[in-house]
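Here the structure comes first, spelled out in structure tokens, and everything after it is commentary.
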Amino acid sequence: MKLSTFKKGLHPEDYKYLSQDQAIETLPPPDDVYIPVQQHIGTPCEPLVKKGDRVKTGQIIADSSAYVSAPVHATISGTVKDISKYYHPLGMRETMIHIQRDGEEEWEYLEPIDDWKWTPKEKLLKTIRDAGIVGLGGATFPTHVKLAPPDDRAIDSFILNGVECEPYLTADDRLMVEEADKILLGMSIMMHILDVQKGYIGIENNKPGAIARMQKRVVELGYPFKMVPLKVKYPQGAEKMLIYSVLRRKVPCGKLPMDVGVVVNNVATAYAVAEAVTEAKPLIQRVITVTGDGVKQPKNLMARIGTPFKELFNVCGNVKDNVNRIFMGGPMMGMTQYHLESPVVKGSSGIVAVTGDLVEELTTFPCIRCGACVLACPMNLLPLRLSKFGQENMAGELEDYGVSNCIECGCCAFACPANIPLVQWIRVGKLRLREHQAKTAKEKA
Amino acid sequence: MKEKPAIQEFIKGLWDENPVLVQLLGLCPTLAVTVSAENGLAMGVAATFVLVCSSFLVSLLRNVIPNQVRIASYIVIIATFVTIADRFLAAYTPEISKSLGPFIPLIIVNCMILGRQEAFASKNKLGRSLLDALGMGAGFTLALLVLSSVREVLGSGTWFGMDIMWASFSTWKVMSLPPGAFLTLGCMIAAANWINRRRQT
Amino acid sequence: MTEKKNDIKETQDPAKTEASAEKQAKKEVPAEKQEKKGASAEKPKAKPKPKKNPRAKLFKSERMTIVAPAPHAKGKQSVPRIMYTVIIALLPAVAASIFFFGTRAMVTLMVAVFSAMVAEFACNKIMKTGVTIDDGSAILTGLLLAMTLPPTFPVAATALGAVIAIVFGKQVFGGLGANIFNPALIGRAFLQASFPVKITTWTLPAFASSSAYFDIATSKAVDTVSGATPLGLWKFEGIGTHLKPLLFGNIGGCIGETSALALLAGGIVLLILKYADWRIPLSYIGTVFLFSGALWLIDPSRYPDPLFMILSGGLILGAFFMATDMVTSPVTPLGTWIYGIGMGVMLVVIRLWGGLPEGVMYSILFMNGLVPLLNRWTRPKYFGEIQEESKKK
Amino acid sequence: MSNSAKIIIVLTVITLFSGGVLALLDNFTAPKIKAHQEEVKNRALRAALPDNDRVQEVTKGDYRFYAAYRGDEMVALAFEASGGGYQSELRLMVGVTPDFSTITGAVILEQVETPGLGTKIQEDPANKENPGWFMGQFTGLRTEPEISYVKNEEPGNDHEVRAITGATISSKAVVNILNEHIKKAEAAWNE
């Protein structure tokens, strides 16, 4: 069978074997957690607790009244030691709530739902919001917003994103193997909320275990979902690419998946939805892959949000001495970490430590216009031109060449034989285009 | 205008405001006729003659010529002297006249000459205008001489018709062709810029 | 500026020991900027690298890791790798030419490569850029230039051509990647214009005298057998050449244009490795085949047959190794097609109706000049752009 | 004085001055220039025609013939021929015997061919002893059956010339012009 996929893109060595067969291990609640108050895209949350307060596991400790927002919960029971700026995995220092564990776990559950099929959709959406569920694939967009599209958008398809196209990461893979039932349940809850009949499950072909398990459970439990095995190619997991691979629909520039009648959600999100709706558990933990050749024992861990990375590494036998680079997320889009005090956040799908052999320090050559980036760009852009325009601050050209369509997947920089940091220059270009647009808007006004 | 020593008006044309290398004026004859040093020199001298004579007249008449018809007047004056130069060359040096072909009459529209009338002679006293014209003419001639010498030596292996290269030297035909003119001129301008930059620092 | 960005280094605080807060704060500043801006492109404040390799000495307690923007994985391609692979792909043709033309061809090849490298080095020094000989592009330029010259071409002129190719073909534009025209062909065009007689004085390969198709050349008992290229023979004398010698290289011509088979072998390696865009040779040679084939069908007595057109002259060399030069060919697929078709049409027009027997060089240079425009005109529709338009309708 | 009147007066004066100067100049340069042109033509005729007593100009058809007489006997005819060269128009002066069967001489009047290559048809600097060797070949050449050229070897027949290496097209152009115009001129002369 010819596997569906999208055009262009590339296939980096995936290194999934390092942790693919490691069963998810639940990390015991750590002694200290650092929970950022901002863990989603949207309106920032304000802390609801203060220094010295006692909090229970699952208690909301930060929230916002805005719609596009999701609350943050305490992930252990203990005392709030401090609310201050700590290292965030994205590199900056962010306001975090430092909780120190003081004994036994005490839970504060969500309002329970008896039978989700007969519960009003508004109630279900509220539960999902209260559970603090955001897109766990890394985008961290609040899920309840995604599940409540405006009325003029007719949604006809739901795609469960089990692609996990980034090399190294196996968190979603393991979750599908071990918790297929809950994932499928979460998926049907979301489809129920959206009132969508057609459900697709997209999984890359390098996860045979996950495909087999999900397929088996879909059949056994009688779900009407369609399994779509996909060719192994990066960035298959990007929403637009996945929609094209599965449904052959192209999301127009500047539009959202719902504009073509599709909602995409990650398997981890589906799992969290199922837990929130059926077990009234808020989102306080997630599966995170600790891997890379710089880690002695790569593992998939179910870790509380806010756990410092060093705790994860401790469980995995710590990092090797010759480790060269540590990054959160996959190697294509992940953020390098310079401080292992940084905590696990809702968007952390993995933490990878690699030694010098894998990521070399490279000299940059001039662009020889080989077109490798053009052949790699899944958005069909001309990265070499965009980066040049970014450098030269040519706002008009940046707009003409569609800089804002770049999804920053990193394919161009991966493919570039001259080692030009194309993605960074394109980001500069985006910034400059925005500056230019702001300026012209001001002048007009 | 700030008064400079009069001799400056002459010297500036040789390098700092060299019409060919710095102002990039009058490139049409520069590129077209510089196949041999003889041609280059003849062209330079003819242009200098026209420039000096026209500057003289224009500077003399600068308060008489009404503003509205100044360009027309300059052109008539320049054309007169160009015709004089052309006829002289045809009468006394028919060979050079033949090889320069239409480029002598084309001096009329040489922007360097019209440019100097408009920019300098029409605004300055007679003496200064003459010095300026002489300087510009000398700079033009010098640049043409260098350019045409390079092209003749490399392109034909001769200089003013004398064999100067060793016997086994094979001539670079391209230097006798239009591309050779562009290449040589480009190198000259690059060298001039390079020297100027080094002088500044 | 850009290269520094990738290896900004920060001391990595150990996983186990706690460092003081102030120390952390200090260290954090550049990295924070880096991440926030996405790329601290304007002014990357890279710390000067420590003199000793800190990773060797500082163990565990003060480990160094790299803080850099994504992606953290990298493909295996690199510019020198591409250059050297193209050089290796040329080797079969080089070997064939040395076999056919002997040491004289080898001297020309070596002189061209050496002069190109010296010129590159001199330009690096004068322009105060880093030395760029090791990226292989100068070697490749020298090699390609030599491949386009007759084996008996004077050594001094070969050196001159290589210098012109590097200086005027590449360095005046700003070095590798900035040139508009193929440097080797610039050098060759200069030599063609400078020494038109010498560059069209061809030597017949060692074995040509035994073949019957070279009547004119063999009828004279001269020491150096000089003869015309098959194209020259056809153009000026109306004599055709059989296809078999064209294929194996037993014909008069420049060093690299003789053996079509050896060139094809290298060219196909490049296509497989994707160092050459397959569209270029296909559209170039295909256009020549179709265009000249159509003319041949109309009047076989006036126009040569298409296979002769393809195998003679430097078309194979040009199509696989020169037109595909990454720097001077378009990056967009559509642009590449137009580029190849344009070259094909130019080639046939020059060969059949122009003053020269050979048109590969000028057809490539001509289309090189159009590449920036082609890149601009043929911007691919980005993902999702088409639908947006059709929706508007 | 009104401005427009001033304009008219100034322009008139300048133009009058200019015209006057040029008229004066023409007085003494015109004869010299004419003499030069005559000289060029006569030199060409001397090269194209054999020794003669007088030359008579006759116009027949499209051609202006210069008939050379020794005594009363016409020894040769010269006429101008032109045609396309490699990159310019070639103008030649050709002399032939009265029966048009043999060329008595041919010279180039005008050419702007590629310097160093095509220009060798007029003057070949490489051949120091005889720079005009190419056109020299035509003296005494038979025009029957037709003039042709050979490359890289000495011509073997009395109607063949040797082409210039590297300037085959220019050489070919001269041969073609001669072939064409000798035939046409013959027809014109015999009318």
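In this document, chain identifiers A, B, C and D correspond to the written order of the chains, with residue numbering beginning at 1 in each.
One rule holds in what follows: a contact is a pair of C-beta atoms (placed from the backbone, for glycine too) under 8 Å apart; a residue touches a chain by one contact, two chains touch by 3 or more.
All values derive from a computational prediction rather than experimental measurement.
Of all chains in the assembly, none touches chain A and also chain C. With centres defined as mean CA coordinates, chain D is found 86 Å away from chain A. Look at where the CA atoms of chain B average out and do the same for chain C: the two points lie 41 Å apart.
Averaging Cα coordinates per chain places chain C and chain D 48 Å apart. Inter-chain spacing, taken between the CA centroids of chain A and chain B, is 71 Å. The set of chain B residues that touch two or more partner chains comprises 171, 173, 177. Counting partners per residue, chain A has no residue that reaches two or more other chains. Those residues of chain C in touch with two or more other chains are numbered 196. Here, these are the chain pairs in contact: A-C, B-C, B-D, C-D.
Contact residues on chain B toward chain D in their complex (touch as defined above): 35, 61, 64-66, 68-69, 72-73, 76-77, 79-80, 83-84, 87-88, 90-92, 94, 155-156, 171, 173, 176-177. On the side of chain C, the complex with chain A involves touching residues 2-3, 5-7, 10, 12-13, 15-16, 24, 27-28, 31-32, 34-39, 41-42, 55, 59-60, 63, 65-75, 77-82, 135, 175-178, 277, 326-329, 331-332, 375, 379-388, 391. On chain C, the positions that touch chain B within their shared complex are 154, 157, 168, 190, 193-196, 198. Touching chain C in their complex are the following residues of chain B: 170-175, 177, 179, 183.
By the touch rule above, chain D contacts chain C in their complex via residues 86-87, 114, 117, 151-153, 165-166, 168-169.
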